[in-house]
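Encoded as structure tokens, here's the structure I'll be asking about.
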């Protein structure tokens, strides 16, 4: 009773209440994404870059556990002290961790135990939020916000990693056979893309002002950008087939040196998940095997492939500054994970006064290396490891994909992957000098 | 009705009826061994040499499916045609197969589907056996017998592979916390082993006569064996600790060249599954972590370690002929899988007129390479791939272990593993020239 | 006679004559650099990134052979047609090539045969240059120029690769025991570096106008550069020792993620070529083993180390634009290969109005990824493979080293290596936001 | 003078004098074998299993240096103390050693310095032998004998390793273009081999009595050998072509499991050194590329290939006991290294009362694993590492090859290599049950 009274006096602050609502929604959506899986599907790791679904579920809870609960309450206990070790991804500052390529060896804790861990973390986080007062906003409040964006990143990884796992199984299981929205009809060949022109000038990019953003999106800063043109839409599978038919994967001159080495040693001859059946190209999707649809944005190509395609097409990839400038005039809307299509979709052709499909469908490779913005400052303490320490050997991608939550992405959002990565929903938009 | 009548006229033959009983018993025992596992435990492959429990369950069914059902009924169907591919272990003659190190990537078929596969195979095999008549014993009858021995081999592998998997998990799950028979008390140090002497002579080894044996145990043949002595019991963990304390793992001169290379590159300093905690040696067992019991036979050592130990002890390993000659005077009894101890046990000291613990507890490394006996003929067709094709780079082990079914092993039984293998229940018995 | 008359009428053009002089000088200097080697030293390849001296000598000749002689005279013959295959480095367009990591397997052609190949190429190139007329400057004339810059790059590689080879030999051979210029006395600790400030502004970088430059230095283009400060000199070995003493190689938080992985898997704990002897740090130099000199610029560190050091020092690495802007006020002079010191040297402390040692001594890592400048166009045909195709996973270095020919480097010169490379003479200059 | 007088009183013993003569002859022959090489050829290591010629020359001297000179004179000095480290092959007891796969990184000591090392060792060894008296035969006398047999083993390795090196070079250098004996004319197809029969019985094999033999050839011991037949000659290249034409390299059922894995992962489709040119099979020999001669013994095949061939031919490989029993009736004569043919040769067909070509031409794979004979005792001290420690994962070969010195091989001689080794002159003789 006393507690109840006490709480009546200190109503949870409005931001905390909003955060609690978003917490419930995002955590629930993570679990919704795993609902159709068999217990067995949660366990397996199909390659070192991917993680078992079970691990994603536990690690996102570990994040709140470690950076919110343990910070707010030093007496806080985990279901097993080893969870701190097993579900740490890469935070050197918070102690040693289970070796990444061995995540798939952990048959325990069971799926049910992991869900119980989530429920326990949820109870504690929501209780904390319930107690947070506007008068004294607790230090961990922004970390809850960060944790939710972190959770959304893993929502996308759950999908990309399950897709990779199912592709490794000759039975080719289906993740989602009846998406809530109907699959588009085969869209057929598209017309040529248009080109939107942008003048040269000293412009600003990067995040500033209110609203959440990751540390790597700041500070907002000036950049001189020469005149350029940007394609009105991403490259389609049909256009990619033309590249393939023209020997795109067999001409060394189109490729970066490392790219060509990768093509030849890995035997690449089409995007990941494509395979030839009786002379036709099919593709593994989260809804199972389907014929490649010529009108869709091409997907699951690496930076090397994107760059080689651009060479072949007499164009180039945009820089991330170019992309962001163009995006400033586009609404943040598109085919996101909420469509439950789990696959990029063709857009209608039409008049072209600004780029289409900048958001959703496919992450778009830029020719910008992932490096700190001028004046970049990482977060303090362990959370400083979140983004800054990956700033080598990676390229920036922009715009989100069909596996990204709609409210996760921003115009200034910088995603990054090594130039040979293909298991993300990554595609290509062309640019040219203006 | 006609069918029913027909069958009333042709009672199943007595051998087929016996076989049906054994079939039911052995297939049921396999499933009993998996009963305590979580669904997640069935899925994971902890190293290329080990297989997921799920795979063992399916593969042993695939064996009957392929070599009995498909042979007896050309119209026979599998639950999915791909099962022929997924669950073939190494039979080149029956078609391509899923790559061994990728068995752990198969989250599907689910555990439940695999059990359903077993039930389907069981129904068909038992129906076949029910129809087999003494008048015309079908050609596939001996293959059912072979399949049951094959199944028993996989019963042992299920245990050794689960142990390896659980060891890879920092949570150290327990497979069987309350074995049906009580675990022995710590047995303490043993006295010195005795030595039993055998005279030189021209002797015979190998299988002959009625009763099942694998092809590699034949033909029975003469062999000249010099005078030798055999230790009255296997080397104990206490004796192994003395070897370790004397720097056994650090003295190159004790080791075969390949063994020393393995010790140094793998960082071996104790048997597999041993680890030091606060100055004491503990060992992972299927009942969880326990202090090493000095009186137990040492276990999970490689041929290289067994040979180095023998060098250190001023002895040698027996040849398989020596072992078999000694075994001819020993009853085939001991600590087998039926004890549910799942771990070797100390035997009481006592008068020594013949070797103890020749059967059960631990497989005993011999110094004999696994090679064909003079006049060896493999089985015909695909089943000829069963044993003969592994006759390179392996050493023979004899006697069965605490994970071997009692009626599976024989005096002439030849088990074989590469000299660096440690995850089997493999131990050491010393010999000396007579 | 007719020919002689003809030539009297067409005097070699002045540019061709100058080029012939430079050709003679540069080709001779390459051979001078190899003079002290034993025949055996020319043959060995100590790692895939390095090449045998013999290969460098042949490959630089192959360059003229392929891109000048064969272009100028289709009937041109090599000593052996296989030379085209053996000495192609990475030009996919001119045909297949001997696998890079196997360059050290070629005991033939012998060193003498390779020198004979050089002499033959020299005769033909000089004869061509002699025939070149001002009236019709031949198309291959700029390629000779390019080939000389290419040859100078390999002069530096000959030194870095020999150093790596000699380090791999426990006998630690000496390349040059008595350099023409005396080795500096141990220079002792330096004072703190000064900091030179530069204002923000829209500036231009990149090559323009007359004079040779590689394609990757163009076009000259505007770039907005914020205010920054640059250290007056490179980081010294003494400062590096302080970093090491402070646990620099043991603190994950200082390192990029890939850097930390490299540190731990490679066991890095000091710059390449440093080793501890009786508690003191020594270093392998081209003049043999020497105690580390605290006053010298630190050398043979990777980008990962340079970045971690900057983190530790509360600074950062400069961008290549920052470096180039600062360099615009510095003379292109310093400790180059012509000093025959083959090692960086301490400079005197003194008043600091502009950066010292920007050129020579050590290549300075920048935080800029090696990417195309806006509007970059590679050379046409096979020579387009020269620079552009390496634009992934590499970082830019600036300023030349003690192994670089003085007239090879420029303010706009962009060198590039992967972030884990250490066998070049690579060092560190710090920067800070202004 | 005093010394001279002293020596006049103690004439060198006759055995020591004989040994000195043999020492001179064998050491000189080693150098003769390297005479045609370029300096560059001495340096390179073409694979971890092979060593540079320079290393062979130094290591064989290191053997005398370490086991004779250092033993006889504790004050003995090497040219450089590091030689003890650089040229130790695998003797753990005499200290650490340079890593085997890095032997090819040692450009120093130079070839000339290595020859000087040989001369120094020779002077000292011969001086020691000169001082050895019959009255007190020194303890190191048998070690000189052992060292000479060791030197002869390396004579063979020099040839096999140079052949491997030259094959790795697209220029395909020629080791010996004009052998002292003329190369045989193409010998054409042979008739079928005959079969010589041997009755069953208790027989003895192994070395006994006077004359040098390695420790692994002892003790002589009884063995029961069943009736068997042995082919009158080795398998020819023509017969091997028939095996290839019949798909021998493509039929899994013929192969041991490890063999098949090797065939598929290594892409074997013919013996080592064979290559197809314009539809014909050619082979690299020490006299350069030649068309395969159908009548010659096939060479450079692994145990896996030998075993698969035997399966295909409806035969098997002999055991080493069978081989040795048959050899007891054959003279130790044949095509050895002294013929300077450096390649196996066809023998004339003829009456078959005993096996031909048992010695020389090609080492013959047996189906016997290389294991200790009953009662085997290795040499004491470091020399005990000579043979015994390799007794795992190797198969026995018998009879010597065209690269073996005539007086090096014996009827009891046991050579051994891993079952996948192909760079030795290894061939096949078939056997059958009697």
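In this document, chain identifiers A, B, C and D correspond to the written order of the chains, with residue numbering beginning at 1 in each.
The rule we apply is simple: a residue touches a chain if its C-beta (ideal position, glycine included) is under 8 Å from a C-beta of that chain, and two chains touch if they have at least 3 such contacts.
Bear in mind the structure is a predicted one, so any value in this text is a computation, not a measurement.
*Asks:* Any chains in contact with both subunit A and subunit C?
*Replies:* none
*Asks:* Name the pair in B-D, A-B or C-D that forms the same interface as A-C; by residue number, over half of the contact pairs must coincide.
*Replies:* More than half of the contact pairs of A-C reappear in B-D.
*Asks:* From the C-alpha centres, identify the chain that is farthest from subunit D.
*Replies:* Of all the other chains, the one whose centre lies farthest from subunit D is A.
*Asks:* Averaged over CA atoms, how far is the centre of subunit B from the centre of subunit D? Could you give it in whole Å?
*Replies:* Subunit B and subunit D have C-alpha centres separated by 39 Å.
*Asks:* Measuring centre to centre with CA averages, how many angstrom lie between subunit B and subunit C?
*Replies:* 61
*Asks:* Cα centroid separation between subunit C and subunit D, in whole Å?
*Replies:* Spacing between the chain centres: roughly 47 Å.
*Asks:* Got a list of which chains touch which?
*Replies:* So, checking each combination of chains, I get A-B, A-C, B-D, C-D as the touching pairs.
*Asks:* Taking the touch rule as given, give the residues of subunit A at its contact with subunit B in the complex, in rising order.
*Replies:* 38-44, 46, 54, 80, 82, 85-86, 98, 102, 104-111, 165, 168-171, 173
*Asks:* Any idea which subunit D residues touch subunit B in the complex?
*Replies:* For this pair, the touching residues of subunit D are 90, 92-93, 202, 221-224, 226, 252-253, 255-260, 303-304, 307, 319, 367-369, 371-372, 374-375, 384-385, 389-393, 395, 419, 433.
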